[in-house]
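Each structure below appears as structure tokens.
Across the two complexes that follow, chain A remains constant while its partner is chain B and subsequently chain C.
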Partner chain A sequence: MENTDPALLPSIIFTTAAQLVDCVDKKLLVVLRDGRKLIGILRSFDQYANLVLQDTIERIIVESMYSDIQRGVYIVRGENVVLVGEIEPEKEDSIPLKEVSLDEIYAARQDEINHRRQRELTKNSKLMDIGFSIDTQQEDMY
Partner chain B sequence: MLPLTLLNTSQGHPMLVELKSGETLNGHLVNCDAWMNLTLKEVVQTNADGTRFFRLPECYVRGNNIKYLRVPDEVLDIAREKNQQQREEQRKSNQPQRGGYNRQYTSGGQRGGYNRNRGGGNVGRGGGHLQRGGRGGQY
Partner chain C sequence: MLFFSFFKTLIDEQVIIELKNDMSIRGTLKSVDQFLNIKLDDVSVVDEVKYPHLSAVKNVFIRGSVVRYVHLPGAVVDTALLEDATRKEAASQASKAGGR
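What follows is the complex of A and B.
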């Protein structure tokens, strides 16, 4: 879009945390470095992308299941934020995931962790067999 | 209000702090600073697995270790109220000062000031015209 009015600042000059101005008072999905997914209303932010989220829920997603936990007000330290995405209110209720109970989701998550750990072990032993040395194990949580 | 302002207004309230390591601290905020360093009192520390708990009478957290903080819902309302109060106080303290200045040093200063402002506003709004006509000519 071409912006001919010099009085209006083109939005592309906000390329850092300031881009979040458009997201204030909107419902957002925030993904943290540890893989947590928070859904809440952004009330404020600063130059570090520290965020204030209101009426937040934590959504645990395992495969095609999810479960929500009510959490309230969060102050998230910016360093830990991986991504911030706006949630469209109209499409919010039509997600292709099945809501399950918390117990179920915890069990499913534990299964997934065990499965991943097992696979990691197998992979490492295979790599050892063909002469690789494995000194760090790093998992992408998100 | 900014995240750190909200943190400031949380002083004296209970809060949950999760560290990057996954440990959590539940306690009352005593003090905090611009680096998000905190002092808490009456703390329950929980290890990353959530299997062990430690009670600490007080603790200090260096801000860089924090992942997030959870504060009670009321704190947002309190912060908003305080913010509004501050703004009102600022407005009250600003207005009489300007009036006083004008009255003291210029006759009819208030009127002049008002008109000057209005003129400025018109120039700003008519920006499109000025460009075509050449900005220098107007000034």
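What follows is the complex of A and C.
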């Protein structure tokens, strides 16, 4: 059992490279810190999780609707990456989302943004009433 | 390096990674690296309805910088060993700082 103890295995298999090398040439979902979801084929990466994605589409998801935009080749700076997921081809056909037109998704997204802004304003005014100061810095949107 | 080694001992355990955006992902810990980036197999999102975009995904790589918590089953953690390792680490840090 000793020689399979992960704490004693050579450290090379526990590097960022080792984690992502299995993902190369695979179709991946990448979630970014600004909330964007990119789906593309991973061609290259490095220790910072900088990524090169080919045939990328940006999928905009609002509630149970989605719409795709063709984007081509991306180099994504690692600091923006939240997670990288391997897409299972079989499960891709049965996602619980409905595809809609770009116009529809933009409208739905604008609605969602407006509702969120309203909730923020109400929340902030209530907080200010009880003495909190409001942090107006826009946090990560994912 | 302490927590890197600690996570290496938890490989193949079921964990829940809570991200800074409040999303929680359950899965089997398969890999970790020096930045505490995490690879999980066989994932399921804790609130699937709220986060439907991961429905077609089975394995994920999570960048360490976005993790808030790693929830572990208490039974797999040897707290005595962890305390011991922490004491050793603290001692080596103190001697490194003192030496300057």
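As a convention for this text, the second predicted complex is superposed on the first by the 122 of 142 C-alpha atoms of A that agree within 3 Å, B and C clash if a C-alpha of one lies under 4 Å from a C-alpha of the other, contacts with A are read in each partner's own complex, and residues count from 1 in each chain.
Just so it is clear, a residue touches a chain if its C-beta (ideal position, glycine included) is under 8 Å from a C-beta of that chain, and two chains touch if they have at least 3 such contacts.
Only a predicted model underlies this, so the values are computations on that prediction, with no experimental measurement involved.
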_Overlay on chain A: chain C relative to chain B, clash or fit_ = fit
*What's your read, chain B or chain C touching more residues of chain A?*
C
*Does the superposition put A:Gln70 against chain B (first), chain C (second), both, or neither?*
neither
*asked:* Looking at A:Cys23, would you say it contacts chain B, chain C, both, or neither? Reply first, second, both or neither.
replied: second
*Just chain B (first), just chain C (second), both, or neither: which does A:Leu51 touch?*
first
*Return first, second, both or neither, reflecting whether A:Arg43 touches chain B, chain C, both chains, or no partner chain.*
first
*Quick one: classify A:Lys91 as touching chain B (first), chain C (second), both or neither.*
second
*Which holds for A:Asp34: it touches chain B only (first), chain C only (second), both, or neither?*
first
*Which of the two partners, first being chain B and second being chain C, lies in contact with A:Ser133: first, second, both, or neither?*
neither
*For the combined overlay, can you note the least CA distance between chain B and chain C, rounded to whole Å?*
16
*For chain A, give the residues common to its interface with chain B and its interface with chain C.*
5-7, 33, 79
*List of chain A residues in touch with chain B within their complex*: 5-7, 32-34, 43-46, 50-52, 54, 71-77, 79-80
_Sites on chain C touched by chain A in the complex_ = 4-5, 8-9, 11, 19-21, 25, 31-35, 37, 39, 43, 52-63, 65-66
_For the complex, give me every residue of chain B touching chain A._
1-4, 6-7, 20, 22, 36, 63-64, 66-73, 75-76, 124, 127-128, 131
_Under the stated contact criterion, what part of chain A meets chain C in this complex?_
5-7, 9, 13-16, 18-20, 23, 29, 31, 33, 37, 49, 59, 61, 64, 78-79, 81-88, 91-92, 95-97, 140, 142
